[in-house]
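Listed after this line are the structures, all set down as structure tokens.
Next come two complexes, and both contain chain A; in the first it sits with chain B, in the second with chain C.
On to the complex of A and B.
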């Protein structure tokens, strides 16, 4: 009875006061936005100011490389210079934000270059146009004239980082296998280049077949497989001196698919004995080895997690090539791939949250990514032959090799954003395969 | 017997009175925040404001910032323009400091960029929209 009376009275009160209450709103207007747009962010990079005689061309070149880096990510769109209203004529002069707003540039990069006595100095600032504020503080890099591209990449890395909040990947290098000659008689040699395909340098002569180069985390050494002795054997090369040596091993035993541990002290690789291939680890300093797998099947392509605690690898122990994760010390492995087709060449992301892989299914090859437990698999590419993914140092982009079909088919390098967008070819002088992305320099 | 019935009736009356007092107190309770005056915004007016901002909200779906939900508070003047100096992050969840800052910057750019000469909002209801809290939730846009 009492509840009934109370309910009736409350209803009555609400009926009387309702209209009054509807007129009122407590506190600020609250709105939730759940849909945005996925499109490149418009930005402007006017030519950098030349602050010394003769620096004009360099100032333009550096600004162009910065713009190429940023636009090449697919995350930014440069507002053409012809559309600029303002000119930056002095590095220190105030920015006319209204002029940059009018052309819808959301970010502005201003810079200046001086060149004197064989020393180049590049300085830059990044502006949030619509907020009318500077993003971070001005910064400068100095170096020799022939290092101007690196300085431009460093500027672009800073700009990228200040806008996205994540580290960049422009001042980095990629080691790969350069390929020349017809398909049935192809010469392969190790080469290293800037991430964008510039500054290619060859590391081996091409006399012996080489495969699967892998950078160390500090970028100073490269592991690779060479047929120099007739059988595949793992070698290690010092990038600075281009000196190479074969890692210790039994004569007549094939070793291949090497990769450094994150600390650079240990190497994991595969050894084939008879019909069985297993994964081993070697301490580089002592040459001591340890067998990590012992299944009567093919276990290969090991790759460490960034913390060095786990290894992802491929194995056909279930009847087809699949991906497995095991402790870095060996032991029980759990299968993580579960979709249709065959999985190979897994590589752990530098962020630690994903694994990139090659997948072959229904006559097509794909580059894909999945969570480290195998969930959320996504295929990023599809073609006649895509293989061998490698992560950019910030874990945002994947580079891989794509081979075209037919007797005249050739291999070249491509990159794709982990969102699956911005698939593009990386220009190299000759054919290219087996890329391995090094760290930021 | 009669005394017992009277006693029960009295207790019921006291309970009912107490329940009514409670209901009245609840219904007339002061809101936590002071109500603004004037008629509220209609759904279409609110939607128009929301759509205007979301058209400028650029989401980098592959970034760590795409895991961050951020709420941005700001004041507006009577012409519908954002008072830029009042833009502030009132709350955020889902990412580290760097990702949160990036998410806030993207939200701030969206709010400022799409205002043009001022958002189209009814001047007579200025009291309702002079202060805004806008939450940017990218959950449905993340890559999976």
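On to the complex of A and C.
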């Protein structure tokens, strides 16, 4: 963790050469992210130029991570390096557009890496090959050598943003539960990783069962549920210091399913008293609480709208789990889910326009999205057990956990576009569940 | 269930008498029984000691099962709990923690709440039969601690449970 903090502090945006231009909105090179099927845009990322002795390997690795990020979206298709006609040997030399046109690379990313005195500098440019122009302007990032993946992600975020017109999500992290051991003796630890599964770091020891970590909007704190005291209680952890503390509560009373309000000051969570589970809010600084629901049923899994004015949650007050929206201060809730089956784990999108959820119907589990009024429901996945969606910072991708069936069943993380395309597994060292996607860094 | 547990208690009682008698007249035989754990030897704290948590677990019956997404107690569950009530009345030095569980067919937070409902059903029943609430606590593990690991109803049925764990008391 300390290493990460160091990385954070030293990975500074060193210089932005000129203001960023929203060229993508007017230029000819543009991917419109729509619900329809897209033909991935062909692009090329030749190895970055090593501008100092010993930077060769890093220059290649950074170019590969940029390509993995872009291709991984399903919106871009890399023209393989074997097909390249031109080589870029100097960052400043003119681009031979004809050579890149000939292999139908519509976009070209060129870059250079230098490494001196424990500091790495990465420069890059994005080219619209068919227009023969630069897309946006060159930028450079600097940081410590162990932050090289972050610099690569920052380059890829810029490329993505310039071509799609939307912000990226590659330089972001995911907090999740790392799982090991058989189903009936499963050990669970909190862990944090880059969005692509790299740089896994553990936040708890695994002695106590932990569940459902949730990032604050600034990515600096994590709420989670731990059995450290013998029963589930909400804890908060400072990511920078890996120090955690239990939130105030009544002895012997279970609290769980916490989530931060957008301002990071308030926490919503569930408390079980007798047979009844309700949603409460706590001011994290003072410990003052307020009860938001009071039905005799199970009310849980609350999630704020991005403006903090409303909360979506699940309740079985109608007999089965359904989704409801209420004012953030509590009060009357309106049901928004109306299809067959049970709806749970709602999460408001960062754009504010959609809600992702888990749906259980006819023996299958689905991850789905709907408008905040419940309309336009769309199921994105189906399996024996899909659960617990979390949104990418730009609201275009959803990560969730998928558990396989049977005695050898294990959980792993997957991501899928909100269009339902590009379902893929996120590689983690062990089993993984309960992902929570943090902000763009 | 109820009949068999009464029979077992009766047999345990006989075994105690036999042991006492044997101890009086034949030391060698008693030593042998105790050493091998054969019938007739009651090792305090073992499953053959009716005052032991092990006896509660194995003979009285420490768990009740639930239907899918339900927390209501059926006749069989109530019979088991009646046995628990008797035991807890007799062994008033002990407290109990009731653990509620769910099968894997549900989402995590809901299953925590559902396990809480189940454990609370058991706790309310025990209290209604005269066990002081101060001796009881409950906790839910949701779907986190299955005892059977297959993904069929045969396993799910055993995982939808509330287990009464005897703990040393008295506490406050």
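Methods note: the second predicted complex is superposed on the first by the 404 of 441 C-alpha atoms of A that agree within 3 Å, B and C clash if a C-alpha of one lies under 4 Å from a C-alpha of the other, contacts with A are read in each partner's own complex, and residues count from 1 in each chain.
Keep this in mind: a contact is a pair of C-beta atoms (placed from the backbone, for glycine too) under 8 Å apart; a residue touches a chain by one contact, two chains touch by 3 or more.
Keep in mind the model is a prediction, meaning the values are calculated, not measured.
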Partner chain in contact with A:47 - chain B first, chain C second, else both or neither: neither
Pick one for A:29: touches chain B only (first), chain C only (second), both, or neither. first
Partner chain in contact with A:407 - chain B first, chain C second, else both or neither: second
Quick one: is A:131 in contact with chain B, with chain C, with both, or with neither? Answer first, second, both or neither. first
Chain B versus chain C as contact partner of A:230, first or second or both or neither: second
Mind working out whether A:38 is in touch with chain B, chain C, both or neither, as first, second, both or neither? first
Have a look at where A:106 lands relative to chain B and chain C in the superposition and call it first, second, both or neither. first
So in the superposed three-chain picture, is A:272 touching just chain B, just chain C, both, or none of them (first/second/both/neither)? second
Which of chain B and chain C A:69 touches, first, second, both or neither: neither
In their shared complex, at which residues does chain C touch chain A? 69, 71, 104-110, 112-114, 116-117, 120-121, 124, 137, 139-141, 144-151
Chain A residues touching chain B - in the complex, by the definition given at the top: 1-3, 5-7, 9-10, 13-14, 17, 22-39, 41, 75, 104, 106, 128, 130-132, 135, 163-166, 376, 378, 396, 417-421
Quick check on the complex: what are the chain A residues that touch chain C? 182-184, 186, 188, 209, 211-212, 230-232, 252, 254, 256-257, 270, 272, 274-275, 277, 298, 300-301, 314, 316, 320-321, 344-345, 358, 360, 384-385, 387-388, 403, 405-407, 409, 434
Inside the complex, what are the residues of chain B that reach chain A? 12, 15-16, 18-20, 22-24, 26-28, 31-41, 46, 49-50, 53-65, 73, 84, 87, 98-99, 101-102, 105, 108-110, 112-113, 128-129, 131-141, 143-144
